[in-house]
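Please find the structures below.
The same subunit A turns up in both complexes below, where it pairs with subunit B and then with subunit C.
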Partner chain A sequence: MEKQPKTNRLKTTAIMHQIVSDHWESLRRAKEAGVPTVWSLGMMSLLTRAIGVPTHTYATYASLASRDAASDALLEEAEADGYSPEGCSYFRLHLGLLSAISKGKPVRDDMRLPMPDLVISTRCCTEQPHIVDAIHRRYGIPAACVDTPLFCGEADMMERVVLYVEQGIREQIVPAIEKLTGKPYDYDKLGAALAIIKQCAEIRNQCLELSRNIPAPWSFFDMCISSGALQNVGGTPVALKYMEQLLAELKERVAQGIGIVEPEKYRLLYDAAFMMWRWFGLFSRKLVQAGACLVTSRYINFLWPYPEDIDPERPLYSYAKGFLRGMNWMTAEEGEKQIADYIEKYSIDGIFTLNARTCRAAGAFQDIMKDMDRRFGVPGVIIDADQIDPKFFSEAQLDIRLQALLETIDARRENKVGRIR
Partner chain B sequence: MGAIVAGIDVGSLTTKALLMDAAEKRKILSFRIIRSGGAFRTAADGAVEEALKLAGLQLKDIRHAVSTGYGREIVGFSNSRVTEITCHARGAKHLLPEAHTVIDIGGQDSKVIRLDDRGGVENFTMNDKCAAGTGRFLEVMASALEVEIGKLGELSALSKQQVKVSSMCTVFAESEVISLLSKECSKADIAAAIHDAIARRIIGMVSQLGLREKVVMVGGVAKNSGVVRSLGRMLGTTFLIPEEPQITGALGAALIAAERCQ
Partner chain C sequence: MVRPMSAEEILAKFTEVTTAPRASLSKWKEQNKKKVIGCFPMDIPEEIIHAAGMLPVVMWEGDEPITVGHAHISPYNCGIVRSVIDDSARGNLDVLDGIVSYETCLQARHLHFILKKTGQYAYCQRIFLPGLVTGDAGKAFMVDNLKRLKESLEHFGGQEISRQSLNQSILIYNENRGLLRKLYDLRKRNPGLLKAKEVLAIVHSSMLMLKEEHNQLLHQLLQDLETKAVKLETRARVILSGSLCEAPQRLILDLIEEAGMVIVDDDLYVGSRYFANDAVADGDPLVALTDRYLQRIPPSPTRIDADVDWSDTIVQMVDQNRAAGVISLVVKYCPPHLAYYPDIERELSGAGIHALMLEVEHEVTSLEQVKTRLQAFGEALELS
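Take a look at the complex of A and B:
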């Protein structure tokens, strides 16, 4: 009788739940103590966290709020406030939260955040600056948004763009932070935080490399959980301790041949700019039941993919380069090269990608999947869903596409066509 | 007679059950198509019961059953579950061995499947979550036109003037149909426009995989001559259509059951 696949959970990732809860609680406590708080709507959170200002990060808030489907009420609140249900669900979630707070409506304790005293943001997509502007207009919250151009096939523009973004942060974001704190920005503290980030990113990359082992010692889901160490508490000793513990546990697993999914029948690549946060557990369980493991993803390399770029002596420059070399700003050519590299390196059997219905920025890489099939014989499937909005999700669709992808891999294995592992 | 096997395709609109003699020739003993009616388990039980009755058999005679379709997980007596993508591929290749592409326009979704030489799935693509380009789309449009869905195909053959339904969204397309009616466009012209709208949707999916002939059309919508005509014209091909296109998935499931019980 065939062995039923199961998950061997990591001990270290269980710690992250408390670390993240403590982080959100620190924002609530700060406000009660009269300390200002900041919301970061994209990549800017380290700038304020490094100097001791409690700071929110928007993707991790989405993951927190969509746990137990609690985010649904806030999305509805934003829609009731007049925002389009087809607008970015991350933004609607935050607009819904602000609307609920301002109207004194009840918000679940573990999701409640105080009104921010400053919103800082990058321009990750065309919608983002408008949302930041909406928050400023509607609630009178100071806001600063820095332009972060996309490369569009011109990778040799990197140096000029990094300098442009560095200047933008210095001239737009930093003055807003100085106004909030009433003192000059402390670049030394940012440099010190970046030094820790550098160590964490190096360890993270070592951890990712370990997924080359068959079976993989951890999965994309563990990677998402662990990303809190570079986001919620990035640049702190807590993060470094977590990453060291994670690496030790993964090395131990590899030495013992323990996989996160056992038996590991399929090794899949998740290539999307988002996780389906609201269905995180459901998605994970379905994969495990099928003996499938998402062994890696470009998404997880989103922040600080190249730790060697980080120079604590040039903090703003390093900061800008850190995220501009990540997935969101990568050219399609670079993206394709990286996926091809992952297919070989991680022994990928199939690709899973998300067409996030309310995201205006994340659809450009789906054509690459076809190229991967042509070049490597690796099939892929697109899930039409969303990061958190249940209006754009169908479990039956997820089931059939996942199962059909695995059946396609089986058929190719049986017929010895395409990439056979 | 060899072992008796069953394929049950529990679709969103109809449930199909097929019984087969698993001996070498894979003879179809009987099949039944009934409305799913929102009760998948009951529909599966009912379709199998009727198919058994037609073949003069009993449930205990079935050696292995494979369920497929949206309701595949809740068929209590099935031994294994396989997606309709694999089942349609297997069924279509069995019926029409020259097939290399399968277009399945079902009630809830549409699929284009590229077949390998043995009837395995080489690749596939599906419509997104929206109902445009599916049987459900046709049902809504037939209702807006107040025409029986089964007569939509022959009605569209009477079209004299080209009109266009451009929306991909079922709700918007319905309002376009109502708007065309208010402009006194003929129902035949509107029916043809509806079929063209579905065809455009399917062509986008075919293009993703690349057209490889011969092309088989299966699923309930393959019975609609209007959609077949529009799609054939736009793709520049002639389709192979099984005698009963709706049972292709159940047939594929039964073929897989036959392999698994050996």
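Take a look at the complex of A and C:
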């Protein structure tokens, strides 16, 4: 009788829940103590966190707020304010939160945030400056944004883009922070935080490498949870300690041949600009039941993918280069190359892609997946859903498409066509 | 001697160009033996392509249903992105020798990649335009990028683009913009002079024709129109706003007029936004084109300037034109417009201006509903 697949949870990731909860609580406590807080979008959070300003992070707030479907009420709040459900759900979530706070409407304790004193953003996605602009216009909250072009793989442009973004951060973001704190920006503190980020990213990359093992010792879900170490508490000793503990646990697992999913029947690549946060647990359980493991993803690489680029002695330059080489600024051409590399490197059987209804970042996935099937015989499937908005999610669709992907892999294995592991 | 064309003939020519761009461009190419380069909306500086001896055209939304395009992009994207990809996959853009695109918005981010997968274009260039108006850094970066575009066009076209030829192209484009502004001034004074779809055809054809030819026809048309008597206009005066990147559907313009309204001015991309500002033609042309792009008015949600409020400029346009209301055409799945519309509506309402939002999409699903809403809006304006 075939063994029922199960998951072997990591001990380390359980710690992250408390770390992240503490982070959000620190924002609430700061405000109560009269300390200013900052909202950050698109990789700007380290700039303020490094100098001791309690800072929110955009995507991780969405993951927090969508737990137990709590974000639904805030999405509705934004829609009641006139925002179309077709617009970015992260955008609506944050505008909904501000609307609720300003109107004195109840917001669940663990997702309540104070009104920020400053909002800072990149143009990581072209819609982020829109939310910054809306917050500034509606609530009079100071805001600063830096233009961050798509980081082209063309050699003649790369250095120019980094210098442009470095100058932009210096001219747009730093003065806004200095105005908030009332003192000159402390680049030494940024350098020190970047030194920790560099260490953490190096460890993270070692952890990612371990996923080449069969079975993989951890999955994309664990990677998402662990990303809190490079986001919510990135650049702090707490983060470093977490990453060291994680690496040790993963190494131990590899030595003992323990996989996160057991038995690991399918090794999948998840490719999207984010996770389906609201259905994180559901999705994870469905995969485990099928014996499928999301072995890796380009998504996790949006956080400081190349630690060798980080030079604490050139903090702003490294900062810009460090995030620009991540997934969010990657051209589709570069993304395609990376996926092809991952297929080989991580022994991928299939690709699972999220086409988020309210985020148009997925523009090139269809062509990339066709190419991967043609070149490597690796099938892919797209699910139409959303990062957090339940209006655009269907569990039945998830079931059917996941089943279709796994059956395709089975059929190819049986008929010895395509990529056989 | 060639007989000057009548106003009716010129308008018929403009309409033909806009309703069948592929056929019109094929004919032009055959006659002129020159390359045609498609520019994805909204802000590629066409002057550089013109100075390279090629014909720049603004890429258009086809009127056929999207079919094979959906194998490359999801249906949750705006009409023009899907239509361009669909046309490319079906070979309908074969008239274009090249394409220049930039990250207008998230949907256009990977257009360059998808078009290379779906069509065979001898020249495919992605350029970088600042998404934010942010002072000196953005300006220097854009100048460098335009220099890069210029060099790639020189390489593709096999001829140098001199400062003089680029300034000459800027002058030709300025002339066109000036003539279109003159047309709009004429419409403000005499709103019923032309049908809305005729005004649209005039502006849209400018995006699809050689500017010298368009200028010549526009001169003739304006001469003719200026002699027409001013008609007493009793219909409710409205401003049309939005329709970013796309030409509004002619059917909707007809319905607005049938519902007892007349358009006195607009804030449309295929409208006043296209010809709003000139570039200076006596200095460094790349700096001049950059300065034109970074002009703060009209504000654009794809070129964000936190110090300028889009709503204010619409309210100002209403006041200047003594308009009674604003009809916003919001392209379905257009996040830049969706992000700003609630505040625009709130500001208009606060200023006591009637506002109607019509969500428009590539696939016209219910024209009757649009008609009913326009009739109700027209009646509300009359009562006010």
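In the analysis below, the second predicted complex is superposed on the first by the 413 of 421 C-alpha atoms of A that agree within 3 Å, B and C clash if a C-alpha of one lies under 4 Å from a C-alpha of the other, contacts with A are read in each partner's own complex, and residues count from 1 in each chain.
Rule of thumb we're sticking to: a residue touches a chain if its C-beta (ideal position, glycine included) is under 8 Å from a C-beta of that chain, and two chains touch if they have at least 3 such contacts.
Owing to the predicted nature of the structure, the values given are computational and were not obtained by experimental measurement.
Enquirer: Output check: A:Asp384 vs subunit B and subunit C. Expected answer is one of first, second, both, neither. What do you get?
Expert: In the superposition, A:Asp384 contacts both subunit B and subunit C.
Enquirer: For A:Arg360, select first, second, both or neither according to whether it touches subunit B, subunit C, the two together, or no partner.
Expert: A:Arg360: touches subunit C, not subunit B.
Enquirer: Return first, second, both or neither, reflecting whether A:Asn415 touches subunit B, subunit C, both chains, or no partner chain.
Expert: First partner only, subunit B.
Enquirer: What is the contact status of A:Pro149 with respect to subunit B (first) and subunit C (second): first, second, both, or neither?
Expert: After superposition on chain A, A:Pro149 lies in contact with subunit C alone.
Enquirer: What is the contact status of A:Met157 with respect to subunit B (first) and subunit C (second): first, second, both, or neither?
Expert: After superposition on chain A, A:Met157 lies in contact with subunit C alone.
Enquirer: Between subunit B and subunit C, whom does A:Gln167 touch in the aligned arrangement: first, second, both, or neither?
Expert: It touches subunit C, and subunit B stays clear.
Enquirer: Of subunit B and subunit C, which one touches more of subunit A's residues?
Expert: Touching more of subunit A: C.
Enquirer: So, A:Glu407: does it touch subunit B (first), subunit C (second), both, or neither?
Expert: Only subunit B; A:Glu407 stays clear of subunit C.
Enquirer: For A:Glu76, is the partner it touches subunit B (first), subunit C (second), both, or none of the two (neither)?
Expert: A:Glu76: touches no partner chain.
Enquirer: Per the contact definition in the header, classify A:Arg137: touching subunit B only (first), subunit C only (second), both, or neither.
Expert: Touch partner of A:Arg137: subunit C, not subunit B.
Enquirer: By the touch definition above, which subunit A residues appear in both interfaces, subunit B in one complex and subunit C in the other?
Expert: The answer is residues 355, 357, 384 of subunit A.
Enquirer: Provide the residue numbers of subunit B that touch subunit A in the complex, in ascending order.
Expert: Interface residues on the subunit B side: 70, 73, 82-86, 109, 116, 118, 120-124, 126, 128-129, 208.
Enquirer: Considering the complex alone, what residue numbers of subunit A touch subunit C?
Expert: 81-84, 86-88, 91, 123, 125-127, 129-134, 136-138, 143, 145-147, 149-150, 152, 156-157, 160-161, 164, 167-168, 171-172, 331-333, 336, 355, 357, 359-364, 366-367, 384
Enquirer: In their complex, what parts of subunit C are in touch with subunit A?
Expert: Contact set of subunit C toward subunit A: 71-74, 76-77, 103-107, 109-114, 117, 126, 128, 130-132, 134-138, 140-141, 144, 148, 301-302, 304, 306, 309, 332-333, 335-336, 338-343, 345-346.
Enquirer: In their complex, what parts of subunit A are in touch with subunit B?
Expert: For this pair, the touching residues of subunit A are 355, 357, 370, 373, 379, 384-385, 392, 394, 396-397, 399-401, 403-404, 407-408, 411-412, 414-415, 417.
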